[in-house]
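When the chains are written out, they are named A, B and C in that same order, and each has its own residue count from 1.
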Amino acid sequence: MSDNGTFTPVIVGFLCNWCSYRAADLAGTSRMGYPATLRDIRIMCTGRLDPTFVLRALQKGADGVLIMGCHPGQCHYQEGNYKAIRRFALLRRTLRQLGIEDERVQLHWASAAEGVRFAETVARMTEQIKQLGPLDWPRNWPNEDPYAVEEAVHE
Amino acid sequence: MSNQKPKLALYWASSCGGCEIAVLGLHEKILDVAAAFEIVFWPCVMDFKYADVEAMEDGEIDVCFFNGAIRNDENAHLAHLLRQKSKVLVAFGSCAYGGSMPGLANFYTRDDVLRWVYFDSPSTDNPDGVVPQKRVDVPEGELRLPGFWDTVRTLAQVVPVDYFLPGCPPEVSSIEAAVNAIVSGELPPPGSVIGVDVTVCDECPREKHEKKIKRFYRPQEIIPDPNICLLEQGLFCAGIATRAGCGAKCPQVGFGCRGCYGPNEGVLDHGARILSGIASVLDADTEEEVEAILDTLPDPAGYFYRFHLPGSLLRRRGRTNGKRQPVGEAAVHEPA
Amino acid sequence: MSEPRVGVYVCHCGHNIAGTVDVQHVAEWAMGLPNVVIARDNKFMCASTGQEQVEEDIKQFELTHVVVASCSPHMHEKTFRNACARAGLNPYLFEMANIREHASWVHPNDREGATNKAKALVSAAVHRVVHQQPLEPMKVDIRPETLVVGGGIAGIQAALEIADAGYHVYLVEREPSIGGHMAMFDKTFPTLDCAACILTPKMFDVGGHPNITLLTYSEVEKVDGYVGNFQVRVRKKARMVDESLCTGCGTCWEKCPIKVVDTVWEAGLGYRKAIYRPFPQAVPKYPVIDIENCTYFKTGKCRMCEKVCPTNAINYEMQDEIIDLEVGNIILATGYKLFDARRIPQYGYGRLENVFTSLEFERLTNASGPTEGKIVLRDGETTPQTVAIVHCVGSRDRNYNTHCSAICCMSSLKFAHLVMEKTGAKVYNFYIDMRPLHKGYEEFYHRIMEEGATFIRGKVSEITDVPRTPEEEDKLIVVCEDTLLGRQRRVPVDMVILAAGLEPQADAQEVAHMFGVGCGETGFFIERHPKLDPVATMTEGVFIAGACQGAKDIPDSVAQGAAAAARVLGTINQRQVTLEPIRASIDEERCSGCRICNNLCPYNAIDFIEEKGVSRVNPALCKGCGTCVAACPSQVITGAHFTFEQIMAEIDGIMIDVLSDRPVVEAV
């Protein structure tokens, strides 16, 4: 990551096992190129997405988080993605209050057949985050403690 | 400490004083504390000086109850000092544990806070634009003020903490439990929260059913049914995700749990747990329906992080990339 | 427990990965990750040599966990899990990093980016895997009885296959007879067999089979339980005819004074009585009283059928019967609904009398239909001279259904043949694309062309009775752009047949919900895998067959019925099924009984235990989606193999190189 205009975002992806992960597989087997910005984590369903995961990724330095699931009505667990919609909407409002732009945390759908859609989503989000610049969250709390020798690390 | 009484210190950093009242709320039991411990430092109640503490040996204090968040250089100084001098450091109360009310300043920057307090608030009368300075020369000599931090921290974000005692303030029963544990030496592993590992729902006598929230109400908007779960009635209640130990006092009197005991064991982000639980039972499936319900819940982040913003994963609101002019040290308003 | 010992294997996949990702570098770098004791790169991990390497290393290095960085887990997760199991390592202590589909193949021109991503994914897997727990698959006993829902050709086939294999089947059909849509057809493409001739023997087999309990005029109301042991409640609607007494002689419906337009079996073209048997070959043979139209039920008078019945089988007091069944497996074969052609007003159906739907035409041309097989206009006597057949009505159209209905090309060709054969009329087929895909279909297409049918390529824009020329007087004019000639055409005809598409049943969503299956974008039930598992669903023990899964013709429906039966028979013969151990469990000691999770489970796997004030997951019902795990406000629900700790570790691992120069203070 550098500041001289060649900023390459790091986006953490949470992909559901049945639709979006397979869409990503299909993008691979179809050799659809997209920027190497996404680092994806497989969950069984977007209904498993704990908002803590999103916060953790941002805390650890991610510039964005992309959540992808099956289209509404097509969830392999019937309605897990509806739960994702509810949690995402509330998370987005919360993140706005914490000063995080909507473009940085996005929820999208892709069926197992939509490799193109998957690749386009990653490419589009990468561009949006390039426009916004690095998030680099921990910069928000530089050490202000004059008595601390170095940043304390406590688990 | 063979024949001597163990030494106890109590300190307040950025806090309201409620924790001190809570200790006094032990009533006659305070005598047991006095009998069991030698109190060596308690600025709220007795006249000790920082120099007295500085003069102590390292580890001389057996137990230190430290309440309040860390939001300036003085808080930090005492945190480091008491850490150095204490065998057991207890983060006492929600401010030391998660940041609590002082920690809500993390929704703003230092500049926001100073600008509001010294310029913008309607009750401010500051024609000369006086702003506190870390250091200022006056004819009598140099005056110093502790540096005012941009980000409020929890005690554990500044020094290692042995135990956490949550609550705003901690209930007398919780304090008793902690004191008893320390006196008897039956302490949980270091780093633990002293308390029970269930949530407020466990202690709340209200009837609970399957939940479907159609809209939220502010407390003044409805008179809730006295027997049914408040959340089911659309009143915000953090009890689902908040550690028990308080006896569910707030929900019992018709007010949703505010979350002062913080999350229970293993949870890294209190707000995320409340958020996820509540969002899961919104009675809506489309984005529009969900947004319509959420329009009835103003300031969700304030609700979710009321007691745990500095202690959350993100700790604070992100800065606005230096777009605003800083107030304070950089913008010097010389006193007239 | 001693320190974990992780083995990491980075696959070249020939040039597929190594051509883009610096595989050797990734393996060397992985050696520096926490807990890694051996990291290797290998040309082909999935080859026997690659697998054997893993097995040897597990023994030699006493590995406690294994990470393979290669292709998608959907490709080879099972392969490597098996390799671990062979070496005595629990297969769930294995984790895969997908550096082919998700890295090398999608970043072919970015060696550095792809390599960095591969490192991040390997690191994620290494961090995650040490938190993984050994898991044991759950075994569930299977009851040998099977429920088949829907008595069309797919359900009939499935029921017969299982019954013939010696196991009991309950076949539930909501109409008074089994047979489904196929029973309404005259001929079947491409062989022009008589539909009744090939279907009715199967229907009779079902009716008389000792291993089949046939429940017609019945609907499933409730499904509980799980694979191996479902409890199903069926409502058997009151026929008002005692099946134990009725001989099916027909006196009752001959004498019944009330004529009712038959919208089901005669597609609205013919009549039946208020007491009726849907069609002569109906199985079972017993009639049913339509209480909405019966005079006795409306006014309390008449009782004609009771008077004439020679066996006293009429019973006006009969009540619906509730039947509780216990079955091990369920096959849904609930079929399709025909697209309502009225939804396309410009085609005039319902307004222009000589516009017919395909189903109406089936009845017209059926020897047992209202015209005894004569193809005539709606006046009942005039034989058409010219007939237009419009393809893709309501299909392949963004305004209605985007899917191809799969049968319309072929049934349109069949209609063309029947019209030409029976009336000698001139036939125009208006099509978008011809899709005669299966065996013998293309040949049939050629045969119909040779028989003289005209094919016009273009989507019909309008069917009108407003003439512009004298030749168009008293005709229906089919307006379309002929895309082969590149010009607008108006073709005057006497009769139009709309080849209406196939849609999901109107209540498909409710049925799906009751049985715990999903509906796709088009509304048809979703199979577990579109290619490799087409008749299973996400709910163990529930299978789908026929047009409820997607539009299909008779041979495909039969094939799916048999396939679903084979799957069911497989589980019955095993006597047990093995379920993936990826499921949720609640720590009851720590559950506070807030009940947030209670109504989140789509499979109703979560119960609230009132006495204890805690919630509990029924492991046999849980499918492991994890929605309750994410919701639990006190974080006391664990989703096996996707635990909080595992995913958090994966996040930390995936971000290993970001902010590496800046230690992040943990929130406490």
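We adopt the following convention: a contact is a pair of C-beta atoms (placed from the backbone, for glycine too) under 8 Å apart; a residue touches a chain by one contact, two chains touch by 3 or more.
Just so you know, these numbers come straight off a predicted model, no measurement behind them.
Chain centres defined as mean CA positions place A nearest to the mean of all protein CA atoms. A count of contacting C-beta pairs for A-B and for A-C identifies A-C as the more extensively joined pair.
Rounded to a whole number, the gap between the C-alpha centres of subunit B and subunit C is 54 angstrom.
Centroids of subunit A and subunit C (each the mean of its C-alpha atoms) stand 32 Å apart.
In subunit A, the residues touching two or more other chains are 50, 52, 56, 59, 79, 83, 87, 152, 154-155.
In subunit C, the residues that touch at least two other chains are 600, 627, 630-631, 644, 648, 665, 667-668.
Within subunit B, the positions touching two or more other chains are listed as 156-157, 161, 268-269, 273, 276, 278, 280, 312-313, 315.
Note for the complex: subunit C touches subunit A at residues 72-75, 98, 100-103, 105-110, 113-114, 116-117, 120-121, 124, 512-513, 516-521, 526, 530, 538, 582, 600, 602, 623-627, 629-631, 639, 642, 644, 647-648, 650-652, 654-655, 658-659, 662-668.
Subunit B contributes residues 70, 73, 76-77, 80, 107, 147, 149-151, 153, 156-161, 191, 268-269, 271-273, 275-276, 278-280, 282, 284-287, 290-291, 294, 299-302, 304, 312-320 to its touches with subunit A in the complex.
By the touch rule above, subunit B contacts subunit C in their complex via residues 154, 156-157, 161, 164, 197-202, 208-212, 229, 239-241, 244, 263-269, 273-274, 276-278, 280-281, 311-313, 315. Within the complex formed with subunit C, the residues of subunit A that make contact are 1, 8, 10, 12, 21-22, 24-25, 27-29, 31-45, 47-50, 52-53, 56-57, 59-62, 71, 73-80, 83, 87, 111-112, 119, 136, 138, 151-155.
Subunit C meets subunit B in the complex at residues 590-600, 613, 627, 630-635, 644, 648, 665, 667-668.
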